[in-house]
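Right after this note come the structures.
Each of the two complexes below includes chain A, the first together with chain B, the second together with chain C.
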Partner chain A sequence: MNIKLENISKKYKGVKALDNINLEINSPAMIGFVGPNGAGKSTLMKMLVGQLLPTSGSITVDGVPLNKNEKHLKERLGYLPQDFGLYEELTVEEFLDYMACLKGIKENKGESIDRVISMTSLEEKRKFRIKTLSGGQKQRVGIAQAILNNPELLIVDEPTVGLDPEERIKFRNLFSEGSKDKIVILSTHIIEDIESICNSIIVLNKGNILFVGQPSELVKEALDHVGTIEIKGNDREKILESEMKGEFKITSTVITPNGTKYRVVSESLPSSFEKITPSLEDAYVYCMLKGEVQNGK
Partner chain B sequence: MLINLLRYEIKRIVWSKKYLYIVLLIVASTYDLLTRLITGGYMGTAPFSDWTYTLFLNLISPLLMVAMIFIISNTFNDKEMRARSIVLSSPISQTQYYILKSAAVFVTFILTSLVPIFMSFIYYKAMFGYNEFGSFINLIFVFLFPTFIFFLGLSMFLGKINIKLIYGLIPVAFLMGALNLGGNIIPIWADIFGNNFFNMYSFSMLIGREMEVVPFEMPSSFIYTRLGFILLGIMFLVYTCKKGEKK
Partner chain C sequence: MANKILLVKNEIKYMFKEKVIILLILATCIILAIGINSLNMTNDFNLFYIKRNSSTISFNSAKFGATICSLLFALFTVLKLDKDKRKRSRTIVESNLDYLYIIGARIFSIIFYAVITTIIGMIAVMAIQKLIYNIPIDISYYLFSYLIIFFPTLLFSILMISGLYLLTESLDMSVITFGMIFINSLESNNYLLTWVRTNLDIVSDFAGIGPIGNTIIYNRLLWFLISLSIFGIGLLFRRRYESGVGSSFLINMKSKGLLTLTILVILGSGCTYTKEPYTMELMNDLDISIDENICLDGICPEIKFDSENGEMDAHVSYSFINNGSNTIKFDINDGLKINSLKVNGEEIVYQKIKNKNVIEVSIPDVEKVNVDIFYSGSVKCDKNGVGRGMPGYISKESIYLLEASNWIFRPLIAEGDMIDISGYYIAPDYLTMVVPGRLVDVETIDGNKKWIFEYSSHTADIGAFAAKYEKAQIEVNNVAVEFYYTPKHEEYVDNMKIVDHIKSMMEYYTQNIGEYYSKDYPLKIVEVSIYKRGGHSSENVITFAENTINRDNSMYSILNKNNEIEDFRKVDIYANDLNLIAHEVAHQWWGTGVNVIDDTPWSCEGLANYFSYKYIQKEFGDMVSSGVFLQPWKYRVNELKNYYYINNDDMKEKLNERFIRSLEMEKRQAELYYLMPLKLLKGEEIQGEKVFLEGIQGVYRRHLLKDLTYDEFLQEMNLTREAIDVD
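On to the complex of A and B.
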């Protein structure tokens, strides 16, 4: 599958949610969308599934414009939006059967339902009405319906919200395994999720793409821009002041026997800081910082 | 596949406390109407005459219609809108989605209408030993169905604009049906329930009548107006199905 976005912009009441986005995605791929709230991640995802129209630009799927090829896309799509509802009057099994009918699964429907119930550990709850489930269990039903048709394109927006750490790891691996022969697009605030499974990362901020590439490339860009410093006593105020001025961003604060140890990300790291190898989280912060600097903020 | 989807949609409507309360209200209201107003017959006709049965249909239909509009509001409530983002990511089109929802409400309407209809049949059989219900079927089709199709289409149309408009329609529909009983308050062109016609027709035919039994023969002009309401309802539905929703 090939998805191509050319000069995509989206305006809501005069405010640009997406600004001239250009992107090409080919399967197989496991892509992570990251960015702060309001960066345009969900807007971009809704456009990719055909639920939002761009104000300008074009989206093509396998070379055909999306608006003429929507059925082709939706037959191959699994989608879990960030904020979704389920038919709570139905049981888990009934809801998945309902979704299987909608997705046009005719052959081995029962087996497909059993498979996703097992993958999402909902065996004990399959006969329970959805309204009786906890938030995390509902999230798992959402994931189950998304993978029900073994989609060629899986788009999941904040899929691990409400899941406990063990479940998060399990679903991360599930998405990763699924990306062997398909496109999986995952939007999240949790950098750790991206770091563990994504072979490609897209950083978005204020409707613009700040970075597209491998996580290791993003980390490479942040080399020499991450450092630590241990501060004693009153010098604490100085470092906090510097952060306020935007000279750098503190990514971690650890109280030590000698004072406070700060981990910072900066466009130009002061010589008093000890340079360290950046993590993906540091690299993300650096990317955001650089984006702000480029925008003159 | 479609039958399966329809089955689940109907289950979602019918298998709820809301629907149970609606049915209980209809049962209580039907019982009250039959024992208090219908048992004496309408304007000197028999309680099981076509005249009296039409009065019964006119009395019960505001409640039935309001119940249906209330059920239709579920198609546009917050819960459904949140589920729609998942449902519409499947290959189902917007038109198919609304047809599915409308079909489910239509079947629910039939099921719900059968409650007062069967109650009335049982009542006639038990009280008067009367069981010739064939002519009532015609009246049910002429008085209940066009009103329902019109409100189904209108509610879908309004709901798509804003759910608050459906909530606003509920009292309006009830008052149009309930206030107009015998009063001719609603103008003839807006006689959605057919009770304006019924009042005028029954006054002209039954008051000062010479025959003991006056046949209830609906003029073709009335039938055409009923067909007109069906057509209007379908037009509203088609508009709802076709009008794009993407922002």
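On to the complex of A and C.
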């Protein structure tokens, strides 16, 4: 499958939510979409699933413009939006049976349902009404319906919000398993979620793509821009003042026996800081910082 | 296609699982069962205790059911369409397929359940009719009531509210708008607008569906197109890609098929509404100017009824005495097309007066003018009158043509002293025709009968009535009375002693007013359908609506073995029914016998009501006559004082003319029908019954076949306006 976005912009009442996005995705791929809340992730996802039209630009799926190819896309799509509701009065099994029909699954419907129920560990809950399930279980039902038709393109928007750590790990594995021959797009504002599983990462902020590439490349870009410093006693005021000025960004603060240890990301790291190997999260922060500086110019 | 059917099946399956639909079907059955007796729950006193049979049971249940179930189905539909918005499940659902398919599948499933509900409801009502009331079932009435009235109402509700919901994307807005359309239908009298429960009060047992079937079907066609239009508009404005109304419309408009279809159904609805073929505006009371320079001398109608097609073919010759006019105007019926018009034997061109059902014919300035008009077609009635106040119809089972329909084109000229009327009606031989005047002969000509009649009358008001009548012939003081009624109501006529009552009315009037005006012409009393409510009297023919002699057999308990009143519970209905006939029979004395010149409150109505009241008082006693007549009359007369708008000139200017006109009409009615008889009762009170009635006998004798003005009456009765003032 091939998805191509060219010069995509989206305005809401004059405010740009997406600004001239260009992107090409080919299967197989396991892509992490990261960016702060309001970066335009959900907008972009809705466009990818054909529920929102760009103000300008074009999206093509397998070489055909999306607006002429929605059926083709939807037949191959699994989607879990960020904010969704289910038919709570139905049992898990009934809901999946209903969705299977919408997806046009005729043959092996029962097997497909069994498969996704087991993948999402909902066996015990299959005869329960959805309204009796916990938030995490409902999230799993959402995932189950998205993978019911074994989609070539699976798009999940903030799937791990509200999940406990154990469930989160389960989910990540679920997505990575599926990504061998298809496209999985995972949107999140939590770097951890994608660190271990995504082979590609897209950083989005304020409607702009700041980075597209492998996670290691993102880390590479942040080399020489991450450092630590340990401050004793009263000098704290000074460093906070510097952050305020935008000279660097503090990513973590650890109280040590001698004072406070700060981990910072900066465009030009002052010499007083000790350089360290950036984590993906540092790299992401650096990427955002750089983006802001560029935009500032 | 196969996928779409699967989608619908899926929706049907899951709607069933929700149980709401089962409740809806159950509720419908209960509502329909309650609806069987809905006529007795209205304030339409005249329709209480109508005899139950397939026509009443099926129609009443369907009409009542349609009213409530259309709301229930509309609500159910809008909740189903709003479901994904409420449950925030739309994005998930829409990621699988075009959301239009889901909307379509849901609407189709609801329509499927509407069909199921209709069938189950209909069977339930049939079961009640058969098992509880033990009345045999005539399936044709059920098919009419349920397939043409009940189900379409549900269908229109589903389509309209779907359209409104798609258009407004708001549950509240669509429900409110639908509610307005719904209420508008209930408040209207126009048969085209009453899509919820039709404008019929009842389906006639006498005439069947025939006279109104076409209009009901036409109403259904119109509203099918209107609801499709609303649905189409909804689809055109269906929100797309989270856009607003305008941008969504621009996207949807690209679907040329939908756009074209919607435009077509909108145009279709408009055309269907404006080009409506069954009704016209009857404007008899508006600006009729009578030409006093010319008078009608004779009229010869030669009519052939094609009752199978509801049409007639007419040749009517009029002879006039002309004293200097050069035109004659005729009031016509818009449904009857003029094929040819001759004046003194020569074909001429006539003018149709714009926006009026009036034609103008030029005539030469000679004394004797003969006009021959050849016309054919079907009689139209007023939009508001369909099924309730039809002045005329021709149907397979019956024919009802009152002069008010202008079925005989009415010349707008002075009527002479006596008009010679002679002619014939030809109708299928299974029908018994009631002709005006005297029946001269009946000839049978291949499947038809020709009813030849003659009459010398002082008006040209002639009617034609036909049905498969039973005829009771009675003679009262050398006057022949023919009572025509349908064999369907024979049992009631027998049990409730209707013929005896007619006889005793005649005797009472003869004794207390005077001899019947003619020994030559029989009095004809004719049962007609409920599609024209109440009664009517013109010349020697009286008609009254079927409800008068089509009541439930529980009424039989009113009379005991000796025909005395035993059970007083329903006696007011019985008294009212007899009063209707007594009122019309009294018109044979006041109206036909004596030409009472209108001078509000003075008219023949006051005298007719006074004498029918006297008759009911004699038969039923003071308690009944006072409760059923006197008290309501007094109440209505008291109300007259409250006509603030009319009595106050300042207010009058501010109100619209139509409203004022309707108020004035209502006021006049109350004065003619209620105030005047109360005045007469006051006179009777002053003079004593004996003296008063003797006075009236004198007046009748002196004015028989002549005019009677209010002043003449007062003078001859030794009364004054002040003396009989009622406060």
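In this section, the second predicted complex is superposed on the first by the 296 of 297 C-alpha atoms of A that agree within 3 Å, B and C clash if a C-alpha of one lies under 4 Å from a C-alpha of the other, contacts with A are read in each partner's own complex, and residues count from 1 in each chain.
Here is the rule we go by: a residue touches a chain if its C-beta (ideal position, glycine included) is under 8 Å from a C-beta of that chain, and two chains touch if they have at least 3 such contacts.
Keep in mind it's a predicted model, so treat the numbers as computed, not measured.
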Three-chain arrangement built on chain A, chain B and chain C clash or fit: clash
First (chain B), second (chain C), both or neither touched by A:Gly63: neither
Partner chain in contact with A:Pro165 - chain B first, chain C second, else both or neither: neither
Partner chain(s) touched by A:Lys106 [first = chain B, second = chain C, both, neither]: both
First (chain B), second (chain C), both or neither touched by A:Asp83: both
Which superposed partner A:Gly14 touches (first chain B, second chain C, both, neither): neither
Residue range of chain C overlapping chain B upon superposition on chain A, of 289-297, 397-405 or 541-549: 541-549
Contact residues of chain A, present in both the chain B and the chain C interface: 49-53, 71, 74, 77, 79-81, 83-90, 94, 98-99, 101-104, 106, 142, 145
Chain A-facing residues of chain B, complex: 1-2, 4-5, 8, 11-12, 15-16, 78-93, 246-247
Chain A residues touching chain C - in the complex, by the definition given at the top: 46, 49-53, 70-71, 74, 77-81, 83-90, 94, 98-99, 101-104, 106, 142, 145
Of chain C, residues touching chain A in the complex: 3, 6-7, 10, 14, 17-18, 87-89, 91-98, 102, 240-243, 251
Parts of chain A lying in touch with chain B, wherever the complex brings them together: 49-53, 71, 74-75, 77, 79-81, 83-90, 94, 97-99, 101-104, 106, 142, 145
